[in-house]
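Each of the two complexes below includes chain A, the first together with chain B, the second together with chain C.
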Partner chain A sequence: MPRAGENHIPIAGNTKVEEHGAKGEGRRAAAAAAAAIRSMEGWDRGTKSVVGEIPLLSTRAGPRDGDAWRQRLKEEYRALISYTSVNKSKDNDWFRISAANPEGTRWEGTCWYVHNLRRYEFPLQFDIPVAYPQVAPEIELPTLDGKTHKMYRGGKICLTVHFKPLWAKNCPRFGIAHALCLGLAPWLAAEVPILVDSGMVKHKDDEGAPAEAAAASGSAAAS
Partner chain B sequence: MDAELLELQQQLEAAQSARSSVRLSERNVVELVQKLQERGIIDFELLHTTSGKEYITSDHLKHEIKMEIKKRGRASLVDLSDILGVDLYHVERQSQKVVADDPSLMLINGEIMSQSYWDIVTEEINEKLQEHSQIALAEIAAQLHIGSELVVNILLPRLGTIVKGRLEGGQLYTPAYVSRITAMVRGAARGITVPTNLPSVWNTLQLQLQETHGASGVSVEGSFFQSIFNGLLKEGSVLGSVRAGVQWTPTVFAHAQKESVDAFFSQNSYIGYEVLQKLAIPQPKQYLEARYPDGIALEAVFVHPSVVDMLDTAVGDAIDNGQWIDSLSVLPSYISGPDATKILSLCPSLHKAIKSSKAVVFGESCVFSNAFIKGVFDQLEKEMDSFGIKHSAGQGKPLNMNPSSEHSVGSDQLSDTKDPGDNDTSSTGVSSDKVPKKKRGKVVGSAKSVTLEKDDDNEKNIPVKGKKAHRKNKDASSSGSDDINGPLKFLSSHLRPMLMESWMKKRNTMLSENAERRRHLLDNMQKQLDEAVLDMQLYEKALDVFEDDPATSGILHKHLLRTMGAPVVDKILRTLDKDNKWKNGMEVEDSEENVQLSTTHRTSLVKDLPGSVSVKAQALVEALEGKRFDSFMDTLRDVAEESGLLFKKLDKRLERSMLHSDRKDLMAQVSSENDPVSFLPKVVALLFLQAYNKALQAPGRAVGAVIALLKDKLPALTYKVLSDYHSTTVKLLALQAAATDDEEDCTSDRMLEKKEDLEGRLMPELKSLVLGTSKE
Partner chain C sequence: MEEELRALLRDLDALKQSADPTAIDRMRERVAGMVSPAAAAAAAVGAARSKIKDMSAEVVDSNPYSRLMALQRMGIVDNYERIRDYSVAIVGIGGVGSVAAEMLTRCGIGRLLLYDYDTVELANMNRLFFRPDQVGMTKTDAAVQTLSGINPDVVLESYSLNITTVKGFETFLGSLKAKSAHGCNTGVDLVLSCVDNYEARMVVNQACNELGQTWMESGVSEDAVSGHIQLLVPGETACFACAPPLVVASGVDERTLKREGVCAASLPTTMGVVAGLLIQNALKYLLKFGQVSPYLGYNSLKDYFPTMEMKPNPQCSNPACVQRQKEYMQSKPARDAAAKAKMEAEASAADECPVHVDNEWNISVLDDSDTATSSILSTAADSLPEGLVRELPTADSYQEPIAPVTSGAIDDDLEELQRQLDALNSS
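Up next, the complex of A and B:
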């Protein structure tokens, strides 16, 4: 395993180096990322390989840092574009997302999961915390609030124990894309089948109003 | 908000709205395809790759195969199946279809090859060929891993276009190389001037090539040479003819052959087959007969009719002139005996002559005119007559005297002065040659041989053809008698019966003459023999008396043999010899009879006698030399019987009458005898006869013994006188023996004294005594 990781990460690192021209920093980041991925124990292989393909970020800046934040935001976009295209190429497209305000501190969108040949779609939203990027953003699925234990109040998903230390270790190299990939995607894969089977969540074809409302809100967010 | 951020926002939007590629799992796809096939939507054949993960349609497979072949030019099906990842079975099927569709492709031994591939390959071959100037097809085939037949098939249509060369006997050659070899072959073929076995020439050329090229493995097949050679022959750059495909006879040679044969034949008007064989004409006879139809083919030689004409005139000439001719001397020296005979048989003049019996052919080549033979015969006859006379004169050693006599005749007749010694040797050589051949034993043989020898000499003596005969003689004397022997032998064998006949005639007349003489001789002999034999038998009897006195007996025996036996034997031998000679018709001159013969002379006479008599006579001669008279008598009897003479036996009456006459004879002798010494034995003999009634012949030495023997038989007085006489005689004889020529010696006186004593006193006394007693 470590060998595979090594193969992937330095390539990503290199791209970063080219982007920023900061040679020494890039090298350190690459080494850190490698270490981070090596210590990724709670995720499946597919996830890990995808994470490797998402470009790492470099600017350590929060929403209150002005131009630095803008720089960071640009990096976030690039990472997201890259992740999206990777997903598309692998026929694994599972979310839509866009900044809800011009500062880019609030993000909204939808995510979906296919279970038993049925697509279950949920609205998605989160704010960039002030302490970002030390603190990961708390992703909310408001339609599922109260339907599962793996969730905090307000629809914030409850991530695995592995997520927080990994994030902390990879600060400031992980961004929104990473959070979605490592946090939301595994959560959906684990929780949606349980929710559907237990009848907590019903397909929009089967149930009228709530699903309809959710869809409407989702589409509104997307637009 | 800066523009970059906006742009990134839009980019994300775009990325998110972009269509996601669809991915199906393998299982799904397989199921989908199955479904499609079930539904009949896919109505064509769908193939799997060997990995099982891909579908491929047969059209695509075909296409791929085509592409692969286009790329590589040549591909084996196994390789294709590996490269395309499709099962070999399908590849094979599709390949067959591909090859069937495209005429430029071929499927051989599991490999597909395109024409373009072959073009490339042949180009490569061409390059290599230009480099090496020749390549073996097998080499190419091995390189390309294909059969050599295929190589030929591939190369043949491209020869002259892509491949600049020539295919010959499994080898490719460049034109330059071919022209070089052609030049070599042309050179060799033109250089050959005698018939040659072509393969051997090719071998030499091959060797030469290998030498010039070193061991680079350039080997040229003999068949290549042969084909080039055939080409050259066809286009006429070498001239000649090939027999059985290998035997090359150049025109030059054939021309030379013809020329030389022509030249020889026209010059010499004959040609030997050997000459032609030397010129390597295999069947000379047929060849010549075809070339010169008017020629005459003989055993070993081919002659022009002019030769026959020439011989014919020569023979005719010889016959007309009454001469002889050896056709070999006229014909070219090359022509041998049998052929000469053949040519002779073609001579018209000879035919005519033989028909009219004017000529005779001797041996293989000699023609003698009858006139010539007659001349020779006459001369021989004459010669024989003279010889016969001569021979009888020189009795005993006819051969020794012959050459000289002949030679004298010969040298007289020869016009040219020849070296007598030379002539001599040659004639003796001939005679010595002839003698063993013609000898018929006995004297006749030697006589005959001499006759034959005469032939030779006559041959020489007659000046047949002047110079020519002379030359021949010279040849004969210088190179030995072989040359001359040939015709002579035939001539002599021809003449011999005639001569024999005439000789026999002569002999018969002589024999009839001799028969008379023989009878006379034998009668004479018989008479003499009878007398002698009776005498001897008479005397033999007396010997018995002395049997007990060996010394005296020995002396008496010897005496008798010497005095009585020897003359008888001589007489017999001579008579027999003479008789023998007469019997054979030889002239024998009467010679002096009374000479005592020596022992060796006797034996030589004995040897000339005919067989059985000779043996007996030999025994007789030996007995004569012996000591016993009786054994001599036995042998004498044998001889007499063998030679047809009577041996008279002594009977009592005859004995008595003989004794009587003997006594009378003795008495007369005694009474008339005056010599005291010779008187004694006669007296003794007479006394002995009187005493024993047996005739005695005793030598002087035995007289004493006889007297002693007579002692008892004689009256004392007679004995005394006799012994006195004897002792006196002995003394006288002793004195005589001791006497010298000196007259004054006293011995002569004493001798005289004794003699007187004997003559005066004792002789009359004894005479009277003896005669007196005898008269009683």
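Up next, the complex of A and C:
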């Protein structure tokens, strides 16, 4: 499927944007957080305040960078732990994610969305790309592959417009937690209602699932 | 053919019922008429040529290389047959990559490495190269099928993998470094990026920066009416990460750049033009003729072809790029000496035969090359022509990236953090 990657403009060497001035680490971190929120023009206040509570990352390292990657991985975990805790405290728990290999380059889990008081759950997976964190992870919902055109091959959700520019502006401060909060969550909120109302996605109770599964999902939706 | 046979069957059934004696003769004529086209079709299937050991310049209808070897006699290329020593890797076998691969195959390139993880779909049929009967095959296998039929002399290697994953990247790097099966050349001579997304371009950029491998990038815009090609020599020209993406550099709202919806437009024409520009540049680079373009844009709406050069960013975020830049700077004296020697050789060659013997009007050409080049060299680095200003301020000094101060902040080890997340997950 054709994709555009052409948002790249050539500029002579000496035009890199660097943050000058902020001397203290605390001031720098605060400035970074403020910049991250500022770059989110057009987002709702709730999402903005949640993003403000996810710790920003600082190590610019990808999966091939050895010890620096281990450091980055720690920061990823810290951000994910805070984000999950914040969600739970606000009764807005909506995903489970864990590393699927010891190197932390593949992540798997589930995410769910409640529509008309019914919970729709989807397996969730992605690889950390080689050029991470300059390149955002491509989040996949394999069970929805082919059911919506807001997706690339293999069930990769479309992040091109609403998330990739935000990620690029905040590199390397955003991590997996931010990708879930600002990439996957809005996608689910926009697409799941359409998929359900158009009949592309059926609730598992309506597919003749075993009784215990239906009961389990009922209790999960109530909790 | 199938249609005709069905008609024949129908008529035979009709013949069984009727008692017309001339009908049998007519039927015989028809069948006889069908025999010769069928024989010709069978012959065409079997006509795939065998391998040719040496490229011949002989002008005969049966020589697939006669028109290419004629480039030598036309004085364009010194030694065309050298093309057989070259290996080219093409990443992305889509609208541009597949056509590029066919062009190089028909030119008789020595070895082609093809990378793609996708399969052929009916939605690809508005572009060139792939056929509807190849739907469902991986793009690399379908390409090998077609290309090996066109020119069996080309060594084709197909890699059906996603280079952006860690595992795919290792295979990609390994294959770029590996020796060709029968040749003595190590690695590849040129990498062509024909991918359709930023992620994959960054991966090709990373691999080529690490290997110091010259590559060419190509792209067609989402609205299918413009495109570009770009030469990237690690350390010498800007790498793909040297300039920040437009949304980062300018702060422009991305909604002004994108239209709603995921599906991008594409035209066989624009893709064919860009593939042609890319392979023309690649041939010029490999066979050393003409000028290799550092960047060539194509705007089809106005038929505008801008060109420009880009210097590498000394503060590039890609460490491999910065390392290559350092090496390039260190090799400057050697390059200067080589360039000077070449200039002198050319100058002495020029001295031997004056262009004009008589000079009736006493016209003399003033040598301004020294002053012009030195002034360009000194000004291009830090000042701009009158009336132009830089949009962004110059950084006075390179700011070292801040060392991660968080080693104290995150005192837990990885396992402890994993346990904490697992505990949250299970609660």
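Everything that follows uses one rule, which is that the second predicted complex is superposed on the first by the 172 of 223 C-alpha atoms of A that agree within 3 Å, B and C clash if a C-alpha of one lies under 4 Å from a C-alpha of the other, contacts with A are read in each partner's own complex, and residues count from 1 in each chain.
Following the convention adopted for this analysis, a residue touches a chain if its C-beta (ideal position, glycine included) is under 8 Å from a C-beta of that chain, and two chains touch if they have at least 3 such contacts.
Owing to the predicted nature of the structure, the values given are computational and were not obtained by experimental measurement.
**Q** Thinking of the overlay built on chain A, is A:160 touched by chain B (first), by chain C (second), by both, or by neither?
**A** In the superposition, A:160 touches chain C alone.
**Q** If you count the residues of chain A that each partner touches, which comes out higher, chain B or chain C?
**A** Ranking chain B and chain C by residues of chain A touched puts C first.
**Q** I'd like to know which partner A:44 touches here: chain B for first, chain C for second, both or neither.
**A** neither
**Q** Please work out whether A:58 is in contact with chain B alone, chain C alone, both, or neither, and reply first, second, both or neither.
**A** second
**Q** Would you check which partner chain A:89 touches, where first means chain B only, second means chain C only, and both and neither mean what they say?
**A** first
**Q** Where does A:99 make contact in the superposed view: on chain B (first), on chain C (second), on both, or on neither?
**A** After superposing on A, A:99 lies in contact with both chain B and chain C.
**Q** So in the superposed three-chain picture, is A:197 touching just chain B, just chain C, both, or none of them (first/second/both/neither)?
**A** So A:197 meets neither chain B nor chain C here.
**Q** Is there a shared patch on chain A that both chain B and chain C touch, and which residues make it up?
**A** Looking at chain A, the two contact sets intersect at 70, 73-74, 77-78, 80-81, 84-85, 88, 96-99.
**Q** Within their complex, state which residues of chain B touch chain A.
**A** Residues 1-2, 4-5, 8-9, 11-13, 15-16, 18-23.
**Q** How about chain C: which of its residues touch chain A in the complex?
**A** The contact residues of chain C facing chain A are 94-95, 118, 123, 163-166, 169, 195-203, 205-206, 219, 221-222, 228, 238, 240-250, 253-255, 257-258, 261-266, 295, 308, 310-317, 390-392, 394-395, 399, 401-402, 404-407, 410, 412, 414, 417-418, 420-422, 424-425, 427.
**Q** Where on chain A is chain B touching in the complex?
**A** Contact set of chain A toward chain B: 70, 73-74, 77-78, 80-81, 84-85, 87-93, 96-99, 102, 104.
**Q** In their shared complex, at which residues does chain A touch chain C?
**A** 1-20, 25, 28, 41, 58-60, 63-64, 70-71, 73-75, 77-78, 80-81, 84-85, 88, 96-99, 103, 105, 109, 127-131, 134-136, 138, 149-153, 158, 160-161, 164-165, 168-169
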